[in-house]
Amino acid sequence: MLRILVINPNSNTEVTAAIDRAMAPLRTADAPTIDCITLSDGPPGIESQRSCDLAASLVSAHIAEASEEADAFVVACYSDPGVSASREVTTKPIFGAAESAMAMAASLGVRAGVISILDVAVARHWRHARSVMLAPFIVADLPIGLPVSELADEAQCRARMLEVGLRLKEAHEAEAIILGCAGMARYRAALEAELGVVVIDPTQAAAAMAISALRLGYRAA
Amino acid sequence: MLRILVINPNSNTEVTAAIDRAMAPLRTADAPTIDCITLSDGPPGIESQRSCDLAASLVSAHIAEASEEADAFVVACYSDPGVSASREVTTKPIFGAAESAMAMAASLGVRAGVISILDVAVARHWRHARSVMLAPFIVADLPIGLPVSELADEAQCRARMLEVGLRLKEAHEAEAIILGCAGMARYRAALEAELGVVVIDPTQAAAAMAISALRLGYRAA
Amino acid sequence: MLRILVINPNSNTEVTAAIDRAMAPLRTADAPTIDCITLSDGPPGIESQRSCDLAASLVSAHIAEASEEADAFVVACYSDPGVSASREVTTKPIFGAAESAMAMAASLGVRAGVISILDVAVARHWRHARSVMLAPFIVADLPIGLPVSELADEAQCRARMLEVGLRLKEAHEAEAIILGCAGMARYRAALEAELGVVVIDPTQAAAAMAISALRLGYRAA
Amino acid sequence: MLRILVINPNSNTEVTAAIDRAMAPLRTADAPTIDCITLSDGPPGIESQRSCDLAASLVSAHIAEASEEADAFVVACYSDPGVSASREVTTKPIFGAAESAMAMAASLGVRAGVISILDVAVARHWRHARSVMLAPFIVADLPIGLPVSELADEAQCRARMLEVGLRLKEAHEAEAIILGCAGMARYRAALEAELGVVVIDPTQAAAAMAISALRLGYRAA
Amino acid sequence: MLRILVINPNSNTEVTAAIDRAMAPLRTADAPTIDCITLSDGPPGIESQRSCDLAASLVSAHIAEASEEADAFVVACYSDPGVSASREVTTKPIFGAAESAMAMAASLGVRAGVISILDVAVARHWRHARSVMLAPFIVADLPIGLPVSELADEAQCRARMLEVGLRLKEAHEAEAIILGCAGMARYRAALEAELGVVVIDPTQAAAAMAISALRLGYRAA
Amino acid sequence: MLRILVINPNSNTEVTAAIDRAMAPLRTADAPTIDCITLSDGPPGIESQRSCDLAASLVSAHIAEASEEADAFVVACYSDPGVSASREVTTKPIFGAAESAMAMAASLGVRAGVISILDVAVARHWRHARSVMLAPFIVADLPIGLPVSELADEAQCRARMLEVGLRLKEAHEAEAIILGCAGMARYRAALEAELGVVVIDPTQAAAAMAISALRLGYRAA
């Protein structure tokens, strides 16, 4: 049985649980097993570049050690920490949430707007999108600007996400929306219903890419 | 039961049969049904831009008529004829072989070289890659230069593909190879073994993207 | 006597007549003859990508058959249907309205805004502009959003075009305007007077390029 | 009677005479008069950026003074000295040889290789091509590397141009050739015959653009 | 003792004096001497491309003659007149104010907004930024739109600069400000205090680059 | 007295000593003090992306703790580990060796070739160059391909660097060379003498930028 390991590089097990729930539609009869784990020594959340760099080391260290325990790996964070490094430690396919989400938009022929948590993430996302040559698929990246402490307030969070999503669609002509944080998975359905465009959850996108890669036998040199 | 319709826009049923065989790894227990059809009024092969334009009309006409008969559509030709038009006639997701193959390379974090049949295809491929903003993922597009009549000669064809693949890998630093024609599917395994890099069959890539889209419920506005 | 064939790929003879009138300034003493024809089996108008793909096939089929009847060909539609294909069927020069209009802006050293009919055309125009590498010359492409049935209402149409033209000039810093539809030729003078910038009718631009090419003896390999 | 003034910004009257002869195919019955003049205080040749900057001042000074004496102006040097400045001193259309040659390639749907005289010109040409956003249309710019004193040796010059032209076509996949110096006009026919691709003389291209602009009444704001 | 010659290419000695004062922080114990000179035959100000072209010739002529009198040269004008030409007449390092300011922004990892004097400068700045491949570091270039006669009115000028600076920061997300005119040096401190971002005076940036180059012994081939 | 802290993120004190020697020309009378330190818990060398990610965390952690101990920071590794993160933890200016080296090339108006140690570094360098938008300044990045164990063999190392440098200059038209590793500083003079082009040591470039920033009082918001 093939196995995909989805790594939440922050130490928040509630986020891992939400990611795990978002995997449901990909868990089909003879599909690869999808296991979601939390890096317990990861930062509580990946807000700064510094926490992202820390996560990068933890992710590739984990994959280097666990490379025999799975057939493909997904990094469940919209900054793709450790993805490049992991590709150097194993020939098994590695998928970053951001890279996969943008590639998914590309396969659908649409340009997307990104909804981010905090302003500080935006520049980091752009650096990454340019780095992986997918920046042309992003029309804008806008933060909801809520402090983490208020993310638990679901009504407020959803309202802000809808507001930003509408701005991406109307002022920036986004043809799709990318959730710029692995922890936003639970809002996907609501946003899709209200905005009327495809909303891409990046971890779902990456896990779907991983399944495809395993089905088709892709394996790096 | 969800259904994906893979449309071979040329009238060559042998090509359709080969595409159909290439779908095998994607036909899993509760996966969407994948049916491959031949456009019997399509050109015998899509070599020129003219045959590509003709195929484009046929593809979108077929999808417009058959839009209720499937849940997602794949256009099995590396020039993606009719993909843009089809996206205007249905909100169901449409996947082009070329666009999906390049997006797959993007998700794997690699730049690919394309192996084409004839020299005349190369400029067409570049126009398309620029059009869909994925040209940065292609390092070179080189033809094997065999007349169609000699494609049946499997030994010669495979030798030429290997030769071109090696050139893409060594002189152009391709990190993956894309088969630039839906009819090359049967050579994928051999090339992969001999070149030691991921070889992407574009129809497989597109069908895998379609499965992902259906699993995740993507649907255009 | 050299002859340029201007092909209106839609079946609307009123549009052909308007295009024909717009050729007046290019019909000089010993200039090539400019004949404008209607593709009677063309779509009534080219609004969708699907009608554009259909037109593409008809255009290149016509040029393939009529290649001996003219010395250069102009495709009078801002989506350039069939231009690439036609260049494969004859070595005589082929000019697309959009490509020529953007190249004309380039020769004048200006960046242009495009006035389109319908929203659906905008994405198509961008795909094409990227494909032919002239997208940097377009600052924005905005639709007037009138249903075809109301295009006959000249006062309303002109008012909408002026409004969009002003927006292109003021909000998007367009230094010139391109009429994004061959059927807008009659509004060129009025717009130019009111906006105070060069207004490029794409069919005029393409026919002028064709005359230049014939004078200078350009002929593809 | 409309008049186009073609300005050779170097003081070499033999070059002006050659440019004048190259205008022959554009001098038709009721076409605008094309007069070619030499800037007698111009540099003997425009090889360095310094001579180019000097020529720039002379060109725009001349056009500022002579703006009423012609209806359009052509700057007959592949570095387009003074073109931007001249556009600020008159609303009459100004055409640069390089900009027009590249725009002509764009209108023909081809990418061109440039044949230059000296190595020092190459970087200057690239700076200019990037500046006017037409660099994507140039596949390579290669010098023949002959000292000016040997340009008079027509056999040698032609042999070197053919050699460089072949390299542009074969190693760089040039679909057309641009003569990267106004003084190369006389070699156009021979190169075209031997290479089998369109060869664009930049002054011819610019004069043809000027005729088009006058016919169509383009005039800057 | 090493010497840097800063050339103000306009004939306004008050501007030279202001530039000279701006050099103060770079005049340290054993630093290269920085001498600022006025080109007395330069234009009174560089507003148009024509005055810029004239300045270009004067600058490179001066540097060609004075090449032994200094070890590095700075061109103190945000249009970098004569910089490319000067690099052809000496192997000593030449620094343009604009190129250096944009490179300084690059070294700081920020994208900048440019404050220009007049609207006519904006297109010239963009042509230059594209030419030297640093345009991606500029988010916008906005003029204060004051006639030169009113630049003496310091209060008004400063107010306008602050207004434009705020717009660059807030509407265009500039992370730094570049003063788009060598004559704006005296406003740097005030702007920096009020906007809270790095404000780059281009002549300071160029002189600092020159000092670095001399310290490190850079010298062109 | 202002102080610049140069951080060697690998634990090799010989490399730090070599970097320290390379600072000599920047240690002038009243210049900021330049202190070079070794991160003793850093990886022995930064060859892989994984060691780079690890170094990134160590660098920004060090700067976060030591932010009051210096006025500017230089990260002495051609992969710029921790530079982005460090900019989020202090408003003091942070300079990356790679970013500064490329910006220095930009200020000199040249395009550079990079000499790298190992093949694995090349892709990482390109990802970074694209990320910071300076990739257009790099013509090629070629490895010398020596295992670290052989770097001590100075004669061999220098011969390989010269060979790669020549290839960058002749086959890739590099106008300058960038040493793609902080440990190559000692070869700068020899390469410059033999190749006849500017050779940029990235740590020198970054320290020079830091001095400029301190002299001019740049400080992030």
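Just so it is clear, A, B, C, D, E and F label the chains in written order, and each chain counts residues from 1 on its own.
Everything below uses one rule, namely that a contact is a pair of C-beta atoms (placed from the backbone, for glycine too) under 8 Å apart; a residue touches a chain by one contact, two chains touch by 3 or more.
Since the model is a prediction, treat every value here as computed from it, not as a measurement.
Least step count on the touch graph, chain B to chain E: 3. Between chain B and chain F, the centres computed from C-alpha atoms are 43 Å apart.
A separation of 32 Å divides the Cα centre of chain D from that of chain E. Residues of chain B in contact with two or more other chains: 84, 87, 132-133.
Interchain contacts close the chains into one ring where each touches exactly two others, per the touch definition above. Moving round the ring of chains, first from chain A across to chain B, one meets them in the order A, B, C, D, E, F. On the chain D side of its complex with chain E, the touching residues are 48-50, 52-54, 56-57, 60-61, 64, 81-82, 84-85, 87-89, 120, 124, 127-128, 130-133.
Residues of chain C that touch chain D in their complex: 25-26, 28-31, 83-84, 87, 93-96, 99-100, 102-104, 106-110, 132-134, 136-137, 175, 192, 196-198, 200-201, 204-206, 208-209, 211-213, 215-221.
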